[in-house]
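Each chain gets a letter, A, B and C, in the order it is written, and its residues are counted from 1.
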Amino acid sequence: MGVDFQHIVEGFMVAIKPINLFLIIIGGFLGTVVGMLPGLGPATAVAVLIPITFGMDPTSALILMATIYYGAMYGGSRSSILINTPGDGSAIAATFDGYPMAQKGQAGQALTISAIASLIGGLFAIIGFIVLAKPLAAFALEFGPAEYFLLFLFTLSAIVSLSIGNMVKGFISMSIGLVLSTVGVDLQSGVHRFTFDIPQLSEGVDFLVVIIGIYAVGEVFYNYISIDKLKKEKKKVGSKWITKEQWNQTKWPMLRNGPIGFLIGVLPGAGGSIASMLSYSTEKQLSKHPEKFGKGAIEGLAAPESSNNAASVGAFIPLLTMGVPGSGTTAVILGAVVMLGLRPGPLLFENNPEMVWTLVDSMFIGNIFLVILNILLVGLLVRILDTPPKVLYPLILVLAFIGTYTLSYSMIDFYILVIFGLIGLGMKLLDFPVAPLILAVIVGGDMEQNFRKSIVAQDNFLNVIVASPVTIALTILTILSICYPFFIGWLRKRKQKNT
Amino acid sequence: MRKLIGIMILFTTLLIAGCSSGSDEASGSDSGGSDFPTKNIEIIAPASPGGGWDATARSMQKVFSDEGIIEKSMNVVNKPGGGGEVGWQYLKSKDAHTISINSSLVITNNLLGQSELTYNDFTPLAILTTEWNSVTVAPDSKFNTGAEIMEQLKKDPTSLKIAVAPSLGNDDHLSFVQAAQEFGVDVTKLNFMIYESGGDVLTAMLGGHVDVATSSVSEFKEQVLAGKLKMVAVTSEKPIEGLEDVPTWKEQGVDMVFPHWRGIMGPPDMTEDEITYWDEKISKLVETDAWKKILKNNEWEDYYMDSTESAKFLEKQMENYNELLNVSGLID
Amino acid sequence: MLRLITPLFFIFAGVIYVVFTFNLPQAKIGDPNGPLYFPAVIGIFLLLMSIVYLFQEWKKRGEKMEKVRQLFTGRTPFLIIASLVLIFIYTFLFERIGFLYSTIIFLTGLLFVVNGRKQWIKNILIAVIFSFITWYSFAELLNVSLP
């Protein structure tokens, strides 16, 4: 269709109207804050703000909600880096190297680079949106049950393969996550599985409770071990400005993971968590020094941050081109704009192009505002680390409980939270990798449902694998990622023999 | 901008007002129903924010207070879980100041053996709105009417992949079962694929991964208007506004009307006065322009019934659902 | 021998899960065994991996587990148990006396346990101010329904 410059410019003029600029600032600020708090993710934030958008102009409401969405992507990694507690699923990957960086005294630089990476990922995705929205939407529709099943399988295998040298523990961790994902009503048959007649369990274990339990509560318990030793030692936060060398290390990872995140974001049914995890594992496998990953490698932080923000922009493509929500948050946004009398659908682009482009342009302005806001906030945020741990950890515990309560307003979740806190503590003590478990909880349910649908559609497993070029490619990638750690192990052994 | 700040201020004042009126709860007299309500009103949305139940509850709250129908402050309480079960358990322990949104799930959960509670455990107060269900196919599909689909399914019930969300035994599923049964299809053999949400069904449909979808009309309306999908039957009495070309099941020779309704119920053992209070307030609510506008935006249709009518309606629904669940094979 | 507890625990959990799986009710629509294929595969996979893990740990049975030992040194066991007790009380009070008061009690308790009794003024101040700010921002500004 070509690029619609006229509407892009008109949209820009609308986006810089004072009311819209004001909403971008409000939304960006709110998004950053809710992103930081454990449990309170963009979906909840948008949902609780729906009453405020009543009576707003639909375009302005969309701008506000979109800004909250990607603002939360910026905010989510703040707490990952500073206190090893991801704000929501897509910020998990930021703990892998962000927290070690903070422990090395590079908290300031870690926060800055993650904001810059988010900006680059976001800008890339906006350009992608302008040029490729429609063909990409058509491509995303090609993804059927078979494709999704294999995509999830590939993501899982990529994460397990990160635990090189410890594959058995990685697989056990993944299996436990998958076991958890089978709790709840089985969609295809309506059978209640492992719910023990507790109605709150019929919708399964919320992966956010698992994340908050393992990271926030588990981390607090784990830190009790060293809490008395940390007495007077003041943590260095270092400069917030990144060095030229760090920039050189991260510029390519940021650029190449923007597209990955963007493409995964466009797929309805994938999302920021999967995008950031895949980016992290890709970057580690491409790296010349994979052994530094997990110990504070700056690329390991920049890559997933670029990716998850690109995914949040990508998720708007199916919404705006077809009226199909591409993620949990966009589903809530869809519900909200419907209440305002606007029905995004295939005709939105034809009938209201200026509205679509206003939103896209507002994302451009919003991302620039957010990077400035987040870099300005670095100085303030690193002071969290000045809080004595004996005060900080009780506060984190309280926040974990509040965040959990806002997820489903049920006390059952408090018990689940504590159980996962203890599991998280155990996993840290026994050196079990946590990521495979969490990712398995996130994708497990969808993986099974898509597998069963694809079997109905294709008759048998072999046909599922050869259903389309996409499935063949994903199968090959899965096998490669599983073989990769063994291959590396073999290479190392050979090297040792030679020397 | 001024509006937003205004709303913020309004919210805070409302809540402060709410808190202060909450404190005299203890001193409130219980001398008779005429003083009802004596404290804050709670509207339960037995689901997370962002869905149809939540939207209904929040719209009610807004219109009740904006139009000055109810002076007391009101809160929406989200109690998701178990397809309404968690919220309704909570309602059962409350008094007449708490009301909850309901739908056919209050009947089917019990019939399916997933809940002890049924509509008899509560006080029906009103039926508010309805949506209609529809059957949709791809625009280039060989089927042009619902009847043609049913004829094919009669020959081979497993030949078509039918998408439905988010669970078996819901209205989308059962409305299709009822129509199929009228045509003499062996409904226990139908090949249903269950998706997590209406949006997922839409995606699967546009991507050509399923043959037929059964869903609310509103979820597919835009796509049908754009020519991306073809709607071949609706469950309403008369054709839907804006989609006059789509035949109803009645026009296709099947005597069935299948509403996908939402209503209001209160806790058990409400007094006559309390029921009268709610009847009066809710009948005022459905007359307001603000409410009508909300219905229009959401593509909901007014389906108002007062407490007496609702009770009768629920009884009839119970019989119908019991039969449908039996023939669908979900219960024996 | 301490090392063998974890793998044995996983094997035990795996067996329980598989037993539960095979006792799942059959589906009334579609393939009657549909709901149990996936859990069965996971359960068996978990069992296999746990057995491999058992062998790995058996080989290392002489080595000490430094990290786990730390858990039982100093104040750590007391801190964890005290936190669990406080959490239990918090859960009990949360919906009964409301968010604000229960959080103040919980946080004060935690701070007394973790931060020590000497700084009691500071503890109480932090607990009250922090609870109020979170309550205000969630319940009032964000309109989240808290008890």
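The rule is short, and it goes like this: contacts are C-beta pairs under 8 Å (C-beta built on N, C-alpha and C of every residue); 3 or more make two chains touch, one makes a residue touch a chain.
None of these values were measured; they are calculated from a predicted model.
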Chain contact topology (line, ring, star, complete or other): complete
Pair sharing more residue contacts (C-beta pairs) when B-C is set against A-C: A-C
Length of the line joining the C-alpha centres of chain A and chain B, rounded to whole Å: 32
Centre-to-centre distance between chain C and chain B (centres being mean Cα positions), rounded to whole Å: 37
Whole-Å separation of chain centres (CA-atom averages), chain A against chain C: 23
In chain C, residues with contacts to at least two other chains: 28-30, 143, 145
Touching two or more other chains - residue numbers and ranges from chain A: 44, 48, 51, 188-190, 192, 409, 456
Per-residue multi-chain contacts in chain B, two or more chains: 8, 11, 77-78, 168, 191, 330
Chain A to chain B touching residues, read off their complex: 18-19, 22-23, 26, 43-44, 46-48, 50-52, 54-56, 141-145, 185, 187-190, 192, 199-200, 202-203, 268-269, 318, 322-325, 331-332, 334-336, 338-341, 343-347, 408-410, 446, 449, 453, 456-457
Contacting residues of chain A [partner chain C, same complex]: 34, 44-45, 48-49, 51, 168-169, 171-172, 175-176, 178-179, 182, 186, 188-194, 220-221, 224-225, 227-228, 388, 390-391, 393-395, 397-399, 401-402, 405-406, 409, 411, 414-415, 418, 425-426, 428-431, 448, 451-452, 456
In the complex with chain C, residue positions of chain B that touch it: 8, 11-12, 15, 75-78, 168, 188, 191-192, 328-332
List of chain C residues in touch with chain A within their complex: 6, 10, 17, 20, 24-30, 34-35, 37-39, 42-43, 45-46, 49-50, 52-53, 56, 67-68, 70-71, 73-76, 79-80, 83-84, 87, 90-91, 94-95, 99, 103, 106-107, 110-111, 114-116, 126, 130-131, 134, 138, 142-146
Complex contacts: residues of chain B adjacent to chain A: 1, 3-4, 7-8, 11, 48-51, 54-55, 58-59, 62, 77-83, 85-86, 89, 112, 114-115, 161, 166-169, 191, 193-197, 199-200, 202-204, 206-209, 221-223, 225-226, 228, 293-294, 296-298, 330
